[in-house]
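Presented sequentially are two complexes of chain A, the first with chain B as partner and the second with chain C.
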Partner chain A sequence: MSTSTNKNSYKGLYWIWAALTVVGILIGLYAPAWLMPRSMSNNMHLTVLTMVVFSVAAAPVAAGVYATALFALRHWAHKGDDVPAPGPQVRENAVVVTTWLVVSTVLTVFLLIWGLGALAVDNGSNGKNPLVVDVTGQQWVWSFSYPGTHVQSNELYLPVNREVEFRVTSVDVTHGFWIANMGIQVDANVGTITTIHTTPDKLGTFNIRCTQFCGLNHAFMVTEGHVLTSQQFTSWLASQPQRA
Partner chain B sequence: MTTTLEQTKTAAIPQGGGLARRLNMLTAMVGGGLVAWLFWFLAHHFLDPTSRTYSDEVAVSLTIGWIIGFWLGIGAFIAPLRWVTGRDNTRADDLYLAGQGQGTSRYWKFTTDHKVVGVQYIVMTMVLLGAGGILAMAIRTELIVPGNHFVNQQVYNGFIAVHGMLMILALIVAVAGPWGNFVVPIMCGARDMAFPRLNALSLWTLVGAAALLLTTLAVGSLTMGWVVLEPIADQAGIGMDFFAMAIIVFTVSTTVAGVNIICTVMTMRTKGMSLARLPIFVWGAIIAAALGLYAFPFFSLVEAQTLVDRTFSTSFFVASGGGAGWLQANLFWLMGHPEVYVILLPAVGALFEISSVMARKPVFSYRTAVAAMTGLAGLSILVWAHHMFTTGWAPTLGGPFMLTTELISIPTGLFFLVLIGTLWRGNIWMKLPTIWMFGFIANFIIAGVTGIYLSDIPLDDQLHGTMFVTAHFHYVFVGSVLFGAVSALAFWFPKVTGRFLNEFLGRISFWLVFIGVQVTFLAMFVSGLKGMPRRYSSYAIIFEHSNFITTIGAYIIMAGMLVLLGAVITSWNKGEPAGPNPWHANSLEWMVPTPVPLENFDVLPVITEDPYNYGEELVRS
Partner chain C sequence: MNRSKSLGVALASVLLGGGALALAGFALASATPHQAALNCVPSQSAANTCSLNLSTFPDSLAGEHGKTGGDHPDWVSYANDNLVVPANTTVDVTIDQYDSGGSLNNAFFDQVMGTIGGTATIAGKTVSSVDPNNVGHTFTLRGIPGSDKMLFVSVPLPADSNTQAVTIGDGSYTKPVVVQFSFKTGSKGVYEWNCEFPCGGGREGEFGQAMSTYGYMSGTLTVN
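And then the complex of A and B:
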């Protein structure tokens, strides 16, 4: 016990841990909503919430590792240039290993249950007469059509508070259809239709960016989308040229 | 027998060798060039130029010619040919091949001594990291401000593909290559690898593959990302053919190396070296090698299918012919996820080793460490579809793959337990290897936590395909694996050179890289969270600040890596002398003299305990 007198006093460790945990939790609570795009749909509310929950759950674990590392640097670092004396020759500690396993398993199971629950909500359709929009990706533009109306557009228009079903496909290579404000993403594949659902619940404008590398102008495969009131949406539909 | 034990530098050059005496890297390049030209000539003249796939056929022929010629020119076939014709290598031939008495020229030859191969792997790792690093700087420079025109988009797209693949190859070999070859046989108490000639073959095959991969940049038109995304890879030019061949050749190299390392550990251990007494790094190396043997066949398979799609118009991945891009994605990630652990495990094994020596304590819960590494390897073959959550492929499998992926955090958590448990109340020797190890611990936490976000499907629906994913895996590769690799380099450098890696430069490098990683990749998380997709050559104004910061951080990392390079170069011949066992460690590689003599041991040692007894201080708890 040459190096340090408070070698067996772990008070400092608890304090660092507590402080870092608080910092972690604060970041977890505020950073996602602050950094992520404005939430405009039920899916995105859930996405942000999940991010918060996972961050808060991870905070004490990450803080524990950081605190121990810092504590080790502070108290257990050998000073001087000589070879350090042997440390305590501990090889096993069944209690510690078991506790660690149990805690990490419990945490994982919690995250998993949360995830499966969120997944069920996320993918679900409320079944109430969704508005169907056909989405087609093509190097390097998006186009949208509204079955039953012959309307086709390069920007997306949606009514608020009504579920939308996107049926997504591509004519050339794979593209990624992503509405960052709504927390939904699915690939546009050639020869297949993939489907996703969401319910926009805020009015406003958002971006649609391609998330699947699709060649030369992938970075420019961007378009705008608009959430309108249902009257605005109906009159927008009516004002559009009817393409066959 | 005694001649074999003399140090390589002083011993006389043996009589044997035959034709091999005239061959080296130069003849390999010339051979590769000539046969490539021959194959090109034949293909060019005899294939049908009106065929849609003509240029791809010619390109593939040329690359096959390159690698055959390269193997011929380095002398890879000499010994097998002699064996077939009944004139097996003599002892003198073998000694010549092992490089006895040949000074530094042996590093440029088909040399079988495992220590020479280890050093060659150090150099190859640095070459690959350097080339990939230059591309990274070009990519970040393009992205420093929105709408920059540092390189054109076509070139940029090629850069991201080749940068990615170069770095993957670099990290696959970064720890397992140098130290799996240099120290693992000595740690086991063996005189060389089980198959010394295969060892040289794996190294030179890697060189041939790296050359092909670098050529792709000159041939250009690589619109497919490092994952060779289909169907868009079908639109890429002949650079794609070189790219795929480079990967196929690389998998030959890793397979040969993996078999060799496993056989060495399984059959060449000295008396008393039971599996439970193996230094923990050996476990990391062989578990990674075994996982590679499972994973890399998918790699060559998927690239071969891409090639036959392009040359023979099969349509494995082309929708119009009944194929599917999803098939490509499945095969690629069947390889791709295990591969990330092929990369990680040797580094983790090395860090377990280093933490024990530096804290002067046994590895905490050795069995947990082995079980966690094995469990991780096992789990990692069952999680690949987490790279395909948003593709639309098999939505009903989302739940199961979410389950397996999140289970990964349990063995990953055990890594932290072992590392921290080993450091706990130790007398930690704060030398370069230790410092880089602490860097690993800090960064790997961030890598792991962000991995958990990505394994949750509702979150992945937001984060997939964005800079968030890019930042996640760079925290793993740069923040964790690279830190582990540098720690291992600093740790075993004295065994290779007899000198310490310069502590002062090494610390400057550490701080630059460590701070650089946080600046670069924390800002990259922000870009991703704000909604910036990855593989963008240009971006909207809202991503301006975070991208600028990322680019500055990348320059800081580059500066740190250059300082490290300077430290390696200056320390190699001029560093502070270290003696045979500078860290006062107990494993066998430290018991042999430095420089390590050819065939390592005068008399093979007999092992009576594991290498982790540092003293008798009693446990107080």
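And then the complex of A and C:
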């Protein structure tokens, strides 16, 4: 087989790869925001952006796998019962090996750096007068208290555009405090307070779920949260009964 | 084997596998024990109002587990776990609390929450909270997001410190603490309730055994 014939025979593969890459990039750009819960905080915006970047970066790689598989099905399928002769080896093809190593290294290092940066931002605090909320998990109810106000509630109320510091713990078994719309999830452990920050920036209602299988009614350990305007939040606090 | 035959076998395998999983699910669901329904009794004097009488015991000898107490006669229990109430109705609840108690591990549950007026009547006295160090059980009922009414009712039941002996079924107890409260139901649905006082024993912060088994300290409230 001559080199030009060989190149021509792979043209179809390149076209399939290019088409699938475009499709993959479009999916990567639009699917995360469409499929993921409504983004209501800085953490969730970053999570959605990370999903977009990772999906777009993965699109050419995934397209290469699918294109090769589709091309192989169409062009390299062996017919008949006899054992086929071995195909050409790519092990010693310097261009293929070098390209693969360089591309996969660059891609992996990029994703690592992005991931570490996103993690640091995700766990960070802007230190600007955060609202502290104590979160307690107990089979099978979440309870929230607002230190300094004597207010406790089974639903979570937060003011918009103000950083919140959740101090999460459990009084029985390990629970998982998860607000999908806020992009935060942290274990609630007995005897330990775990802190996590977020800043809600959209008004509305969201669900809070337990992500650790915690017993009989784990599936019902769900409650509602609400992001209110600053005035509404102040009114809500004032309307709550004061504990003795 | 030709291609269409292979496809047929693959499809049949998937369908059979799915069917087997569905069958196992139905079998597990039907094997979950359900006690006889305790229906809310309509009031003769007030419209859209009914009464529900519950009891909590330090064992399982006086309720739906039967005279022998079933598999775990020494486990604490509510007498009934399968409660049925009408929609859009005021439910007047009376709970006879026969058990002793101790300290809550989460003081949040010493409050009366979700009842009409935010109060309960305990031994004839109207209160909005109780001593968190003297609680026997709680009745904590909750809905889940998505239902049109985020029903949440939680009432602490103080420890029974009476000394006058009473006998119910095969169980010997002391005169109960009587707790009364009312709440309003919304539209149809099934809600979960359970006790939030760590009374179950076991390894999980006293939330094992009776607290982690249907029919003792947890159940359903069906609004129909």
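As a working rule, the second predicted complex is superposed on the first by the 227 of 244 C-alpha atoms of A that agree within 3 Å, B and C clash if a C-alpha of one lies under 4 Å from a C-alpha of the other, contacts with A are read in each partner's own complex, and residues count from 1 in each chain.
By definition in this document, a residue touches a chain if its C-beta (ideal position, glycine included) is under 8 Å from a C-beta of that chain, and two chains touch if they have at least 3 such contacts.
Remember, predicted model here, so these are calculated numbers, not experimental data.
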Aligned on chain A, chain B and chain C: do they clash or fit? clash
In the superposed model, does chain B or chain C contact more residues of chain A? B
Going by the contact rule set out at the top, does A:T136 touch chain B (first), chain C (second), both, or neither? second
First (chain B), second (chain C), both or neither touched by A:E224: second
Kindly classify A:E155 by the partners it touches after superposition: chain B alone (first), chain C alone (second), both, or neither? second
Does chain B (first) or chain C (second) touch A:E92, or do both, or does neither? first
State whether A:W236 touches chain B only (first), chain C only (second), both chains, or neither. neither
Counting only touches as set out at the top, which of chain B and chain C does A:P37 meet: first, second, both, neither? first
Between chain B and chain C, whom does A:S145 touch in the aligned arrangement: first, second, both, or neither? second
Among 507-515, 543-551 or 579-587, chain C is struck only by the chain B stretch 507-515
In the superposed view, which residues of chain A touch chain B and also chain C? 173, 190, 207, 215-217, 220, 222
For chain A, which residues count as touching chain C in their complex? 136, 138-141, 143, 145, 152, 154-155, 171-173, 190, 207, 215-217, 220, 222-224, 241, 243-244
Residue ranges of chain A in contact with chain B within the complex: 2-3, 7-8, 32, 35-37, 43-44, 46-47, 50-51, 54-55, 58, 61-62, 65-66, 68-69, 72-73, 76-78, 83-93, 96-97, 100-101, 104-105, 107-108, 111-112, 114-116, 118-119, 121-123, 168, 173-174, 176, 178, 180, 183-187, 189-192, 194, 207, 209-220, 222
In their shared complex, chain A is touched by residues of chain B numbered 153-154, 157, 223-225, 229-232, 235, 319-320, 325-326, 359-368, 390-392, 395, 398-399, 402-403, 406-407, 409-410, 413-414, 416-417, 420-421, 423-430, 438, 441-442, 445-446, 449, 452-453, 455-459, 461-462, 464-466, 526, 529-531, 533-540, 584, 612-620
Report the residues of chain C in contact with chain A in the complex, numbered from low to high. 105-106, 108-109, 111, 113, 118, 128-129, 140, 142, 144-145, 150, 152, 154, 192, 194, 196, 198, 204-207, 211-214, 218
